[in-house]
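Here's a structure for you.
Letters are used for the chains, namely A, B, C and D, taken in the order the chains are written, and counting of residues starts over at 1 for each.
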Amino acid sequence: MSEMTLNAAVGQALREEMQRDSTVMMFGEGVALSRADLLTEFGADRIRNTPLSEAIIAGTAVGAAASGLRPVIDMLYAPFLTYAMDAIVNSAGKLRYISGGQFAFPLVVLAQTGAGWGVGAQHTHNIEAWFAHSPGLKVVMPSNAADAKGLMKAAIRDNNPVIMLLDMSLGYNPGEVSDDPDYVVPLGRAHVARAGRHVTLVSYAKTTLTCLQAAEALGQEDIDVEVIDLRSIKPLDIGTVLQSVRKTGHLVVVHEAGPLCGVGAEVLAQVNEQAFSQLKSAPARITSPDVPTPSSYALEQAFLPQVAHVVAAVQKQLGRQTVATASVAM
Amino acid sequence: MSEMTLNAAVGQALREEMQRDSTVMMFGEGVALSRADLLTEFGADRIRNTPLSEAIIAGTAVGAAASGLRPVIDMLYAPFLTYAMDAIVNSAGKLRYISGGQFAFPLVVLAQTGAGWGVGAQHTHNIEAWFAHSPGLKVVMPSNAADAKGLMKAAIRDNNPVIMLLDMSLGYNPGEVSDDPDYVVPLGRAHVARAGRHVTLVSYAKTTLTCLQAAEALGQEDIDVEVIDLRSIKPLDIGTVLQSVRKTGHLVVVHEAGPLCGVGAEVLAQVNEQAFSQLKSAPARITSPDVPTPSSYALEQAFLPQVAHVVAAVQKQLGRQTVATASVAM
Amino acid sequence: MKSSAAEAVQLLEKMMLIRAYEEHLASLQASGHFPMTCSPQGQEASAVGVVSALDADDTILTNHRSAGHLLARGADPGRVMAEVMGKATGYCKGKSGSLHISAKELGVVLTSTIVGGELSMVTGVALAKKMLAEAGVVVCFFGDGAACEGIFHESLNLASVWQLPILYVCENNQWQAFVRRKETMAVEYIAPWGNSYAMANQTVNGNDVLAVQAATRHAVAHIKATGTPYLLETWTYRQRGHYSGDNMAHISASEQAPWLVLDPIAQCRQQLTADGTLTPALLADIETRVAAEIARASEFAHASPYPAAAELLTDVYA
Amino acid sequence: MKSSAAEAVQLLEKMMLIRAYEEHLASLQASGHFPMTCSPQGQEASAVGVVSALDADDTILTNHRSAGHLLARGADPGRVMAEVMGKATGYCKGKSGSLHISAKELGVVLTSTIVGGELSMVTGVALAKKMLAEAGVVVCFFGDGAACEGIFHESLNLASVWQLPILYVCENNQWQAFVRRKETMAVEYIAPWGNSYAMANQTVNGNDVLAVQAATRHAVAHIKATGTPYLLETWTYRQRGHYSGDNMAHISASEQAPWLVLDPIAQCRQQLTADGTLTPALLADIETRVAAEIARASEFAHASPYPAAAELLTDVYA
């Protein structure tokens, strides 16, 4: 085990996989500088700058993946994916099916997301739900360095298109990371970040930390909280969630993405369909409001799901007295 | 009232609104032919063919809407919207907020969707949930000619970007349509398509008809089904749904879009959050499976939500004996 | 380099096979109950001229109007037709239908019906060829409409900057679905658009199969010699409507007439007859062979089964 | 047409205001706790040269590197700085921050930080101007990077086909974030890309404010006379990093040196001094005025309040 930041863990995963498999390569706007170490080690053929052209970056990855390479593309910020939706959704997601299985698309789409840096709604938009809603894709969002490395490696090894969204604010968070070059975090497996008996919090990426803080606070009130970090949005490990909810009877899903048709809605729906009778209270969501991510510091902080809101939601479910909290964020 | 097809109703709405307001105009690939009657009546300035360039069609609509026009753009088929996501999501959806309210975007994006014509996943993809998940947009999907006209007119008059998705298979369905030039169906208001006491079916677009057929069949078993046609996906009229569920205690949401992070998930989540204690059984979803829309006839038919599945879901909720049904569609 | 006479007759036969295939489909469509297709009728010389100049290790990307490219490449018309009908014996197990037929075994890959889809993916296919040091070039067929999509600009620019072995073939058939090409661009020819990317380019008479073949050979030689891509525009005409449901009421006879005179098959037949290569007996032979092939294909396709219902859920993930 | 001497001094002052604004921001950023920005330092002649040639009824679209365009248009540097800081007194109530500042009251509309966003919307702004018979042209500032996006192709093509009154101004500053322009295209100049759309075009020395002004006047006259758009490329250099957090370690002194010699403000000062227009006293006056303006602006911005928390939920729908 070594301690490193989440960003460094992603870099290490890329490096190990590029060493392991000569078909792994990476391209995007500025990767020759942002991955200068990989450029030095693997050369300009395998680490390529591109023109400012997101659509062809993604399309090129699709064509290359179907033809023997395993490309990783850096799309910078999630909102820029709006230029690349055809290649990702219509080509990578559908052409295996349409062609009757003739092609596979082992590619990884990297993009940053997550509020906290004041760059506004055109640099920060949590759109993981779009890709979850689209057939043929996989989606992962790590909350810590170890998972970032393990998921990155699993994504590169997977034979399907994987969208990996990295929360900017987590990039410099340090963590213990496995040195085993074959350490992978399998896609589609959630992690019980904290075991507990009274209530289930489900989250992923940055808000996993919000949940852990809320769990800490609730622990002071003798409320024993289980926190599940989904890690993969698609495939979604509903089994781990159900197991927990069957034990606790209470569910709160927390994420930074907007509420409507988000991952929280999906988790609530599946829990309803499969564990309705074990629910002891109304499941709840704590999300950002359905507004563009503001850039002004105070507004951006208010936009984020708050520990206090999570605490209040749990207290309400358990019939405890609720401490009054600001209510701008729904 | 006059009888006309859904397509004709949309055409009539366009015509009336273009007569009423000289800033209303329309452009897109081939509209000069597909709307030849409007071209004749309003001239080539207001009905414009475009090059094959979805991104600039949408971007032009955004720029024009902010500058005094009320454009309606025909994007043909919903999957082509993947080329236009930046303009719709990042510009139309966010620039009002980002600019502190300096601009408004009164525009309508028309696209066809809905399986049944054998054209496959790159012409048929139900992506209304993407737009519901994106701030600043509105989304409507009519199930009949009267609503198509009323929603089209409301969408044109609205000062915000409205995505109007039309199910191809409904286009030739006839219906009674109001002749009142000021007849509008307000955005964000659901319609109780059939009143009932025992169970609530919620749907929109083509599968509203599936629900009505299921209700008919269930009526034979003395199950009195209420069918709610959402009509607007965003804003979502959860009030009408809650009112019904509080009465019936049972909820099945039916739509053709894939399940994950879809409108059904959202409806289940909101009902959970707001009417959990009134639920008498596990709410359910009947959707297409999470696969690309197949083009082969038999597969495409199997892909669609089936009346039998809706009937079975209701029977299960009410504890009735369930008739065995094929289970490919989830 | 001119093709030999025997080779020219083979080109003619391929074009006639494509035409016969299209005419058969049109008759089935006219009688109802046959899926819609986008016919390449009138563009046979472009398909056959380009594809005949390729080697087995070259790769092809095409679009919604692909039947000519597939048949020119040696696809079984029975399996193409079966695919159009959504039958399990089609090249894509019936899961494509007519709009996005790929046949990897023939090197026809990643067909998309999103206009511009082929332009979006061809760079990756060529990048893999280059990095894996595989022989051959990658040919990308697209329409004049696709050339108006932003992805055209991005694709050609990247191909040029990365020096990818791509032959871009723009089949300029004067129509973009229900819009005239002239309505969509301020210039007449698309080939010079290559200049923005320092890409060699040429417009060729797309109704002259030998001219197209020669231009393709020239372009492929250029790509192999310089390692840089090439943009070839084939100037041609879509003789049928955008798709089989298009009644063409909006297209005047006076627009069509001159192009029908320039029909690629008629012209080729005339030439080969004039120079004595094509005798009536030889022509009759070809017609018989083509008719038999189409009859066999149609029988095969019609007799083929639809995919099993369980196929709905397969081929989503690898 | 040459500007008069007095006018030239005004241009110099505007450029110096922009430079002083940027230097002030850089010093605040260096001391920490100030939001990041994308500085147009080195490109002042492009901004001032173009904008000074416009009328009040002309409309401007810009991008992430907009401070020069805004200040050239007469924006209050205090409100621009307040916006950068996310303060309620900013042009967008603090909701934009630095990356997408619009100021409708000045005719600076629909700023997007999506590279190419301005190209995507400018056609609509111009279409409205044309259809509503409003006077003026629409100017679209964008970078050489944006010219590589597909939307460039679609925007210029549509503008040409629909004959929209647009002046496209490509500020070719040799960099696209952390990528050299040369790495992203096979040709040197972007102006000739206009030829694909039959669009008149010109590359001008973007560090010569009078040359830029003259080229803009020429272009605007062309647009008004012909009713067709124009593509103007200003050849310039980004003197600072991509954004304030960019330490420029990857940019060599030998690359920067010749461009610093060509600094637009230094050149303009030299010229005006050489021809006797700019006396030391006049220069001192200007410097004093500029410094006072920036000091006032900074004070205003710093003293301004942040938006109230309730603003989180406003301005989503009209």
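The rule we apply is simple: a contact is a pair of C-beta atoms (placed from the backbone, for glycine too) under 8 Å apart; a residue touches a chain by one contact, two chains touch by 3 or more.
Model, not experiment: these values are computed from the prediction.
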| item | value |
| --- | --- |
| Between chain C and chain D, the fewest steps along chains that touch one another | 1 |
| B-D or B-C, whichever has more C-beta pairs in contact | B-D |
| Distance between the centres, which are taken as Cα means, of chain C and chain A, whole angstrom | 42 |
| CA centroid of chain A to CA centroid of chain D, Å | 37 |
| Where chain C touches two or more other chains at once, by residue number | 94-96, 100, 112, 114, 116-117, 148-151, 154, 157, 161, 183-185, 316 |
| Residue numbers of chain A (touch at least two other chains) | 50-51, 53, 55-56, 79, 82-83, 86, 90, 97-98, 120, 122, 135-136, 290-292, 294-295 |
| Contact graph of the chains (line, ring, star, complete, other) | complete |
| In the complex with chain D, residue positions of chain C that touch it | 148-154, 157, 160-161, 183-187, 192-193, 195-199 |
| Chain B - residues contacting chain D, complex | 23, 25, 45-46, 48, 50-51, 53, 55-56, 58-69, 71, 86-87, 90-91, 95-106, 135-136, 159-160 |
| Chain A residues within the chain D interface of the complex | 29-30, 32-34, 49-56, 79-80, 82-83, 118-120, 122-123, 289-292, 294-299, 302-303, 326, 328-329 |
| List of chain B residues in touch with chain A within their complex | 55, 79, 82-83, 85-86, 89-90, 93-94, 97-98, 120-122, 125, 127, 129-130, 132-136, 234, 236, 257-266, 268-269, 272-274, 276-277, 279, 281-285, 290-292, 294-295 |
| In the complex with chain A, residue positions of chain D that touch it | 35, 86-87, 94-97, 99-100, 112-117, 145-146, 148-151, 176-179, 183-185, 250, 306-307, 309-313, 316 |
